[in-house]
């Protein structure tokens, strides 16, 4: 639970993927247990039933978009809460068994998203190689290690774990690609506000009309709450029925965001609170912060001033 | 001040106008002193300097519209607060000295607004009479009493006070015409919410653009606060610069209205709070309530539910 | 009718008021007939029945606000159309019979709005004089000419017409006060767009709720149409029922404004079109333009570009 | 091109998937050539370079959500246009070589989305079978046909093509699941309006703020245009930058939608028109229409009335 530091971690496996790499940026995870799960549902269920304290799962990728299964599983079943986000640069490498050279590579194993992201590099450096789809970046590395395929597109950690030689690194076409992961726990009070927090929500709209989503956005806009992310997912009932996943600037403990949440509760068929947590901070070595906090129309100072003014009015001081 | 029941009342004179009639519907005024003022500014200034505890002034008429001088004087100078509204049916009578009959009337004294409101009746019953403009309903009655003119259009109280015979009553073309008056005091805490209250505001908008007024209305709409009245008045600086006078459903002590007020404070150049007070209640003899409270999109119960939900979220209960 | 230049003019009298002064700024009126009317309804009815081609009536004053009777009479009865606006600086003078000096003045005749606007000057220069309310600026000048009162606050044209000496000019407290007049004709096609036009509308809203006015403003805002003026007037049915008088930037022939009008027609209970006409142009001698055209979010060029793009889409060119 | 009926079709392969099944509901495709493509990019590029006249690709699934690669490829590269939508019930079957019975099945090949959608059925009927991820529904059927795995979750057409026995049909947990496909051609004029059309758009927003998306929705809402679908996709530049894919009721040739498109062009950084085409019509055998056309606030009749009214105003008829 939030409050008790987690010691038993589960992550989307297999070993050697970006999820493991992301988990190892958390110092508590370095000292705790780290168990790979075969799927996002398995990882989240491990937390739900108490087999793990926290699960590290992917939320979205700046190229591939939202990870639908994570969003869907967060809102189906017992409530869970995001307590932390980790944003990891996606750096693909071309790994192969020691001694392999580029000109001898005829087959490359890759997860379809990985080969899509490296299409430019492959066209230039391996125009004649056959790219074979496999089911994960970890599986790609493993298949190169066994010699099933000549090379693999994988994460640096995957190459290291399979003892592959790195023939080329940073081979993705978008150099700034990142994946955003969430650390998810069982519910409890959110950590304290840090001044630069995000709040994640899932909102359900009763009617499939433009006005309903408009109302949701107005509740936020009127309070000066900015969205950093909006994703729609089908609810599964029918085409045209969506649940919207929103990430907003601010913390559930803030006046401003609290007011907006109350407003959403009133206009939406349902609102699921998915956590308030600090925005990911970039260290110098990890490069530039890719998304700055969006500036808001109204400073928190203005908000505090307006609250004080209202208190004066209520006390009869209208000067 | 609100809290201390007022005993010294001032009202827009002269004696025998609708304002005096409205004041006498307040029982405290029946037992206190009642002094006519020559103008709205004089009445309000008497309260500001402490010569009176409360002033009774007209706010608007369902035919003639807002009483501009009252609105302007409420926001210029020291703050004042509306503590009560009185809505009075406007019933014009034709008064004349005893013995006068309709067929002998050649001249009728009337305030221009009064003769406008009785235009139909005059055309039918006194088609050949000359209507002479005078400066108030009270002055009209007085001029008929002295014989300067043959008859007067005036309030029932004006006819009584000048001992005029009432040759015809309810002569206004709109039978449902009403005038709304405000009882105004020096600032203090508003009276307690009654469950059916109004709040009066004056809001200043920095820019003369459609978007600025749109923002004001959104702050209200998003909280489900309804407007029962909106009036624009020039600020006096230039054409196109306005202050808007708003009457909203609700009380400054309500969560919902408090939130809307805080929002207005953030988007407006200035907001002047002019009081929260009970909506006028109609007695059986005064006829039907002409305007019902507008229903709101969200009940207060829903609002309380949303507030409780937010408190649960903050405590970590997201089930 | 628009198209045929008017030759028979009527204006709100009596002679010697600001309305006559405004009319004489129109060259056609200098050469045509100019008849004073006793009231705004009389002036407008003269046009409706064909006794005059055009009526010059006041719309609003930067200090006193809207002229309610003009707004009400424009929307009651047969439709009329504004074909021109005239904005006139309001310059009050103190007029008196020749030989009068300030120190001998004991009584000053003034329309209540005039004395209100000159309150500061009177307090400084004639602190002991009694101000007597009269029914028009023209009547004030006339009463000083007959010697009934010692002096009058009136328009320059009123002093000239009554051959009064001007003891002091520009005595209003707000030096920039202006009155805006409309020249009103029977309906017909509006004059051609000039690139800097205004369009006047009266819109009726079915329900007395904040959302209804919000919808009106959105129809304008979404098209980048700015309001230069918004006035609410009671419809006379009950308190809380309003008709809104809007002045918008643009001409009925413009794409942008046409689209907004069509939108208003769809969301309002009723829309009355009151004319498209050139914005008043200030000459050098009349001083500074008090209100500049509000800049719009989207230039007309952008609008034309979007129209051309839509035409290309419809033709199948989506490059 | 729209206008010329396509004869050379390409679809997302391999053979035996739902895409082939969808394509065969089009009579022109029954008579033309049908070539499977290895990927969505390959299918769309075949149309772009002229190797095919039309491509059939999946847009979204009512369970799995948007097919990101289709959306991304539609807006990257040369413009393409949707000319038709096909909505197909997703009916998974369990196929196996003749003679196989349920109690002998130890391994089941399935695409991960397929096994997710049949999780309930698998848990009940094959609780002990190992589910093996494969890369497509067609590959699953093929692997069961070769005996690599004991059974496959696949489309009815896939079982038929691989001559598998169907051990169980309609095994998906959501009985109403559908997949929506688009038939995509090179640009040209859209087909004529049918009275029940959809228009697909991709809109780019300059700033990542709540207000920008709010503006987009307002442009639609103000014209009474309903959204039947909204999907966000990352633009690939950074987290938090999105392109929104919108499906709206209406046709580019409609007044109402044309006006909304023009408005979007003015407020968005970019708008890509992706086609106007008839809404999918359900035949009796295919079951109930899962999503009805959302009713709009304003009928097309009202819209035509408002257009006629505007024309009258412009001609000078304001009665």
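The first chain written gets the first letter, and so on, giving A, B, C and D; residue counts start at 1 in each chain.
To be clear about the criterion, contacts are C-beta pairs under 8 Å (C-beta built on N, C-alpha and C of every residue); 3 or more make two chains touch, one makes a residue touch a chain.
If you want to know which protein each chain is, UniProt gives these names: A, B, C, D = Prephenate dehydratase.
Not measured: the values here are computed from a predicted model.
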item	value
Turn needed to bring chain A onto chain D - CA fit, degrees, nearest 5	180
Chain B against chain A, contact positions shared by both copies (same if over half, else different)	same
Chain centre separation in whole Å, for chain C relative to chain B (CA means)	26
Centre-to-centre distance between chain B and chain A (centres being mean Cα positions), rounded to whole Å	57
CA centroid of chain B to CA centroid of chain D, Å	60
Junction residues of chain A, two or more chains touched	218
Chain-level touch network, classified as line, ring, star, complete or other	ring
Residue ranges of chain B touching chain C (in the complex, touch as defined)	60-66, 68-69, 87, 112, 116, 133, 135, 174, 176-178, 180, 208-211, 213-214, 217-218, 220-221, 225-234, 236-240, 242, 290-291, 294
Of chain D, residues touching chain C in the complex	2, 79, 81, 187-190, 218-219, 222-224, 252-253, 258-259, 261-263, 265-266, 272-273, 298, 302-303, 305-307, 309-310, 313-319
